[in-house]
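Shared between the two complexes below is chain A, which pairs with chain B and chain C, respectively.
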Partner chain A sequence: MNLLGLAWRSLLNRRFAVLLTVCTIALSIGLLVLVEQLRSEVRQGFYRSVSGVDLIVGGRTAPVQLLLYSVFGIGDATNDISWETYTQLKALPEVDWAIPMALGDSHNGYRVLGISPAFFEHYRFGDSEHIEFESGQEFDDLFDVVIGAQVARQLDYELGDQIVLAHGSGNVSLQGHDEHPFTITGILAPTGTPVDQQLYVSLAAHRAIHIGWERGVQMPGSAIDPDVARTQAEELRPDAVTAIFLGLTARAAVFGLQRRVNEYRAEALSGIMPGITLQQLWRITGMAEQVLRVVAALVVVAGLLGMLTVLLATLGERRREMAILRANGARPWQISGLLVFEAGLIAAAGIAFGVALALSVQMVAAPWLLSEFGLHVGLTWPAAWQFGVLGLIFLAGLAVGVIPAAMAYRRTLADGMQIRT
Partner chain B sequence: MTPLLDIKDLAFTWPGDTDPVLELGGFSLAAGEKVFMFGPSGSGKSTLLALIGGLIRPQSGQILFKDQDLVELGGAGRDRVRAEHLGVIFQQFNLLPWLDLINNVMLPCRFSRARAARAGDVKGAAEKLLAEMSLAPELWRRRADSISVGQQQRVAAARALIGRPALILADEPTSALDHDRRLDFLELLFSQVEAANSALLFVSHDRDLAGRFDRAVDLTDLNEAQEQA
Partner chain C sequence: MKHKMIHRVFVGTLLFVLLPLSAHADVREIEWVELMPEEELNAWLQESEIVDHSGFGAAEPFQSFRTMPELDGIEARIPGFVVPIETDGEGNLKEFFLVPYFGACIHVPPPPANQIIYGRLEDPIPMVNIWDAFWMEGTLNVEDISNDTAASAYTMDVTALELY
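The block that comes next holds the complex of A and B.
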C-alpha cells in the first residue's frame, strides 16, 4: 500500500460524507450534461422531422407558427389557402412536387391529416429517408386511413380496424364524424418524427366528412351518405388546404419562389424555408436555453463549494491524522497532496456518475418525448467539447482541493510533532 | 566517539510569542543510550522533541544528529532524517484509527526507502515486532481504534522501532496506562530498544520510572528560558 492506498483508506473511513459529496457533484454534473444533451438532441429531432421540403406555404402567419403547426402539430392554423392557389402553385415550372395538407380533425388526441398521395412518395425525414409502410398500403377506398407507427402502438390498432374521427383537434371533442367510419389500410414504419403521431386520410375523404358542417358544427341530417360519397369520390376536393409542402426542381429557385409566395396577390400567403425557420425558433428558445445553462453551471459551482465545505470540515478532525503522518516521516507536500488527490477523486467520481446519471435520465425520458412530442431523442455520447468542459470542471475540483491542502500545509509546519492545544 | 545527538546553545520561540519557550545550553545523547528526561508540563519538552524531530527550526543554535546539523538542513532534509532515523511514541493518539495494526506499524517505511531497506521484509518485521510487543496475531488485522489504549501504546512502540531507527523519542508514552501496565510496557520497550540497538529519549513527569534508565536529566535544569520565568 502506497500513499494513495493510505488516501483511499482514509476516504473509506469517511465514506458517508464522501459519498454524499460525490452525489452532490454527480447531480450537478448530471443536470449540466442533461441540459446540453437534451438541447442538442431536441434540435436534432426537429431537424430530422423535415427533410427535403424546400418550402412550406400556408396562410399569412408567423414563420415559426407555420412551421410548428404544419410539421410538428403544435398550435393551430389561423388562415387557410384556397384550392385554386394550391393548383396554381403546383403548376409552377420550378415546383417539382406539392403535398397539400388539410388539418382540423383528430383521433384520440392524434392529428388527422388530409393529404394527397404525393405525401407517401415525396415526404422525407431524417437523412432523406422515405416513408415506408410497416404493413398494408396507401388508401384505396374513400374511407381508408393510414396511421403512424406510434398511433398504432399506443392505441393497439391493426389493419382492418374501424375507427371514427373527431372534429377539431385535441383530446376532448364534442362532435365526431360518426357517420363515416374509416378502415385502417396501412400502418407506417416508425420514423422518430411527428409522422408517427398522425393519421392520414385522402383530401377527398377530408372533404366528404365535412359536408354539411358550418362554423364547426354539423347541420342535422346534412351528412352525406358514405356510399353516395364513394360514387362522387373523383369530384370531392376541399375548398381550402391548411398548408402545402413544396419540393423544387432546383433548390436555387427557392428564394425567388419564397418572395413570390409572400407577395402573392390573390391571397395573403407565407412561404418559409424549414431550416431557416428552425434557426429562428432556436433564437427564440435560445434565451431559455442560456438561462438553463447558467442555472446548471451555478449548480456545478454549488457542488464544488459543497466539496470544499466537506474537505474543510474534515480538516479539523483530520489534524491528528496529519500530525501522525508527519511524525512518521510524511513531507508537508505529501499531506497536501493527499487532500488534492482526495478532491480530484471526489470530482472525478462525481463527474463519472453525473454523466451516467444524465445518460440514464435521457434514456428514461426518450420514450416520453417520443410519445408526447414525436421527438426522437437518441442516446448519444456527449460531444467532445462537453468532455472539454467536464475536464475543466475536474481541474476546478483539483483547484478547490488546493485550498484545504494549502491550509493543511501551513498547519503541519506550525503544529510541530503533536497538535498544540 | 561523537554523540548521536548533540545540542548546543539552542533557542526557540513559537511564532507570535515574544519570549523563547526553550533555551538550551547543551545536551547530548550517545548511540544506544537510554535517557530519562524529567519535564513537567510547560517545561518545553514537546518543543524540544519537535526540534529534534526536525519539524520546527530553532531561531539559533545547533542540533547535531548523526553528524548533520538539523538547523542547517532544509525542510526536506529534516523530513528525510526524521523518516529514516527517528521513531516516535506519543502519550496517546499515536495510530491512524482507520488503519489496521500491521499497516500502522509499517507506516514509517512508506516514507523512507532507507528505513524500509533496513527493515528488510517490512511486513515480516512489523509482524515480528507486534508479536514481541505481546500483541496476538488475531489483532493484527483489526482497526487501530478497536483495541485498548495499552495495546495501542505497544503498537506505537512497534511502529517506532520498525527499521531500527537510531533514536526513539517517547513523549509520556506511559501516562495513559495504569501502574502495572506502565512497568510492563517499559520492560517490553527496553528489550526491543536494546534489540534494535537504538537510543531512547524518554520524556515524562513520572520520576518513579527514572531509575531504570542509564541516565536521568531534568529539563527544568537544562532549560534556561524556564529558569528566568
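The block that comes next holds the complex of A and C.
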C-alpha cells in the first residue's frame, strides 16, 4: 500500500478529530481570503461608479462625505448650492458640462434625484461607459420618471406604471407627494453602480412637487395642480441643488477651478476630485482593513496550531500503529514522512475548503451589497499574490507536520515493538 | 468633441510613424521648470499677488496654458505625484495627472496648467498611492486643448511609472 493510501486510511480512522481540524483551518483561510476579496471588490465597485467627472461641487463639507452622498447615496448633505451659483459655474469657459442634482426625496427607500438631461448625456461609469436605456427614454412630460435597473427589478415596475414619491429618505413613506403621481418613461440598463438604485426626475418636477413645502411641511391645499404645473414647466426650477458634477474642456484646469470653488466668497462650497477623494477614503478605511488582515492572519496561525495539537495528541494513541508499520518493514523516515504527508493533506484540504467558503460567502453577500450600496461585487478568483500567500500557508502546514514527525522518528527508533504502557 | 477625436487620431498616427525612429533615443530627465516658457517664468516671478475673490471671476493669470513646443515628442523621465483621473472597469489606473508636489496646499494657488502632465497608460496598472512620488517615463507631447484659443498642455504616453 502506498503512502497516500496509508495516510488516507489512517486519517479515516481518526475522522472526527481530522474533520474538526480541517474545519478550523478552512474557517481561518476563509476569513483571510474573504477579507482580501471584499476589500478589493468593494474598492473596484467604488472606482467603477464614477468616471469622467472632473470636479464634484457641493455645499461646504468634508470631501469624503461629499463624494459619498453625491455619488453613492451614503449619508446626507449638510448644505445646498444656490441656483445662481450653479448657473455661474456652468457658464465658466473651462466648464464643458454640468450635471446638477437635487436630493431629498425617495421612493420605497430608493433615492430620487432631480437632475438635468445632461445626466443621461454625460454621466459615465466603469471604463467610460455611457448610461443606456434598457427600455423607454428620457422624461418628456413634467411628471415623468426614469428608474434604475435595480429599482425596476426589485419593485417589479414597467414602463407606464404610476408611482408616488415620498418626501425625505426613510424606507417607509409617511409624507408623500400624493398629488403628483409620476409615470415611468424609462428604465436604465444595469450598470453595477449606484445608478441602478436611483430614480430620476427633472429639476422642474423636483421643484413642482415641493411647492407648498416652504414651511417644512406641506400646507394643506397648497400643492400645485399637476396641469397648472405642466403649463409652467418652463419656468419651474429649484432654488438650490445639492451637488454638481462638472466636466471640463481642459482637464488640466481642474486644479485652478477647484481652488476657485473652494475660495468662492459668495457661498461656502467644496470642490473635490473623485480620484483623490476615493484614496482619502481608502486611507480612512485602511486602518480597519489592516486590523482585519492581522486578525485573519492570527486566526490562520491558530488554525495551524490547532492542527499541531491534534497531531501531537493522537501521536501517543498511534504508537501501536507505528509499531506495526515498523514491524512490516517501514523505515523511521517513512513513518515521519507519513506524518508530514498527513499534515500536508489536512492543510491542503483546509485551504481548498477555505477558498470555497470565502467564495460562497461572497456569492451570498453580493445581492446584499448590491441592494444596500449599489455595489456590484463580482465572483472573482483570488489574485495571484493571494495564491502565493496560500502556498506559504501550505508550507507552514507542512512545517507544522515536521514537529510530530521528528518526535515519531525518535520514538519509533526507541520504542521498537516494546510498548510500555 | 469631434475635433478632439480627429486630433487624437492625428497625434496617434504621428506617433505611430515617429515612434520607431525615436525608439533608441536617449531618455531625457527633465525638470518641472523646463516645462514653463522662460518669459512666463520671469513675468510670474515679478507678478503681484492680487487675487480677485468676488464671483468665480476669470481664471487666475498664472493658469498658464502655454507650453514649450521644442519638448514635443521627446522621450522624457520626470518625477512627481500621481492624481488619478480615470480608471478602467476594474479599478486599475488608466489616466492621471502628474504634478510636482502633492496635496491640496491651501495657502498657495495650485500649480499652473503647464506644470501638470496628463499621463495616459496604454495598459492600465493597479491603482497607485497618491502619497508616493513616482518616476514617469514616456513620450512627452504638447497637445492643443481648445480650438479657439492658443491653449495647449502637456500629455505623456506613459511607458513606465515606478516608485521614486
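Everything that follows uses one rule, which is that the second predicted complex is superposed on the first by the 415 of 421 C-alpha atoms of A that agree within 3 Å, B and C clash if a C-alpha of one lies under 4 Å from a C-alpha of the other, contacts with A are read in each partner's own complex, and residues count from 1 in each chain.
Basically, a residue touches a chain if its C-beta (ideal position, glycine included) is under 8 Å from a C-beta of that chain, and two chains touch if they have at least 3 such contacts.
Every value quoted in this text rests on a predicted model; they were computed, and no experiment measured them.
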Identify the partner contact of A:S51: answer first if only chain B is touched, second if only chain C is, both if each is, neither if none is. second
Would you sort A:N328 into first (chain B), second (chain C), both or neither based on which partner it touches? first
For A:L27, decide between first (touching chain B), second (touching chain C), both and neither. neither
Thinking of the overlay built on chain A, is A:A250 touched by chain B (first), by chain C (second), by both, or by neither? second
When both complexes are superposed, which of chain B and chain C contacts more residues belonging to chain A? C
Between chain B and chain C, whom does A:A408 touch in the aligned arrangement: first, second, both, or neither? neither
Identify the overlap between the chain B-contacting and the chain C-contacting residues of chain A. none
Any idea which chain B residues touch chain A in the complex? 15, 46-47, 49-50, 53, 55-56, 75-76, 79-80, 82-84, 86, 88, 90, 93-99, 103, 107-108, 110-112, 115, 159, 169, 171
For the complex, give me every residue of chain A touching chain C. 40, 43-44, 46-48, 51-52, 54, 88-89, 92-94, 126-129, 249-256, 258-266, 273, 275-276, 278-279
Per the touch rule above, chain A residues touching chain B in the complex are 1-3, 6, 9-10, 12-13, 320-321, 324-332, 334, 413-418, 420
Quick check: in the complex, which residue numbers of chain C touch chain A? 53-57, 59-60, 63, 65, 83-91, 94, 96-97, 99, 104, 106, 109-113, 116, 118, 127, 129-130, 145-146, 151, 153
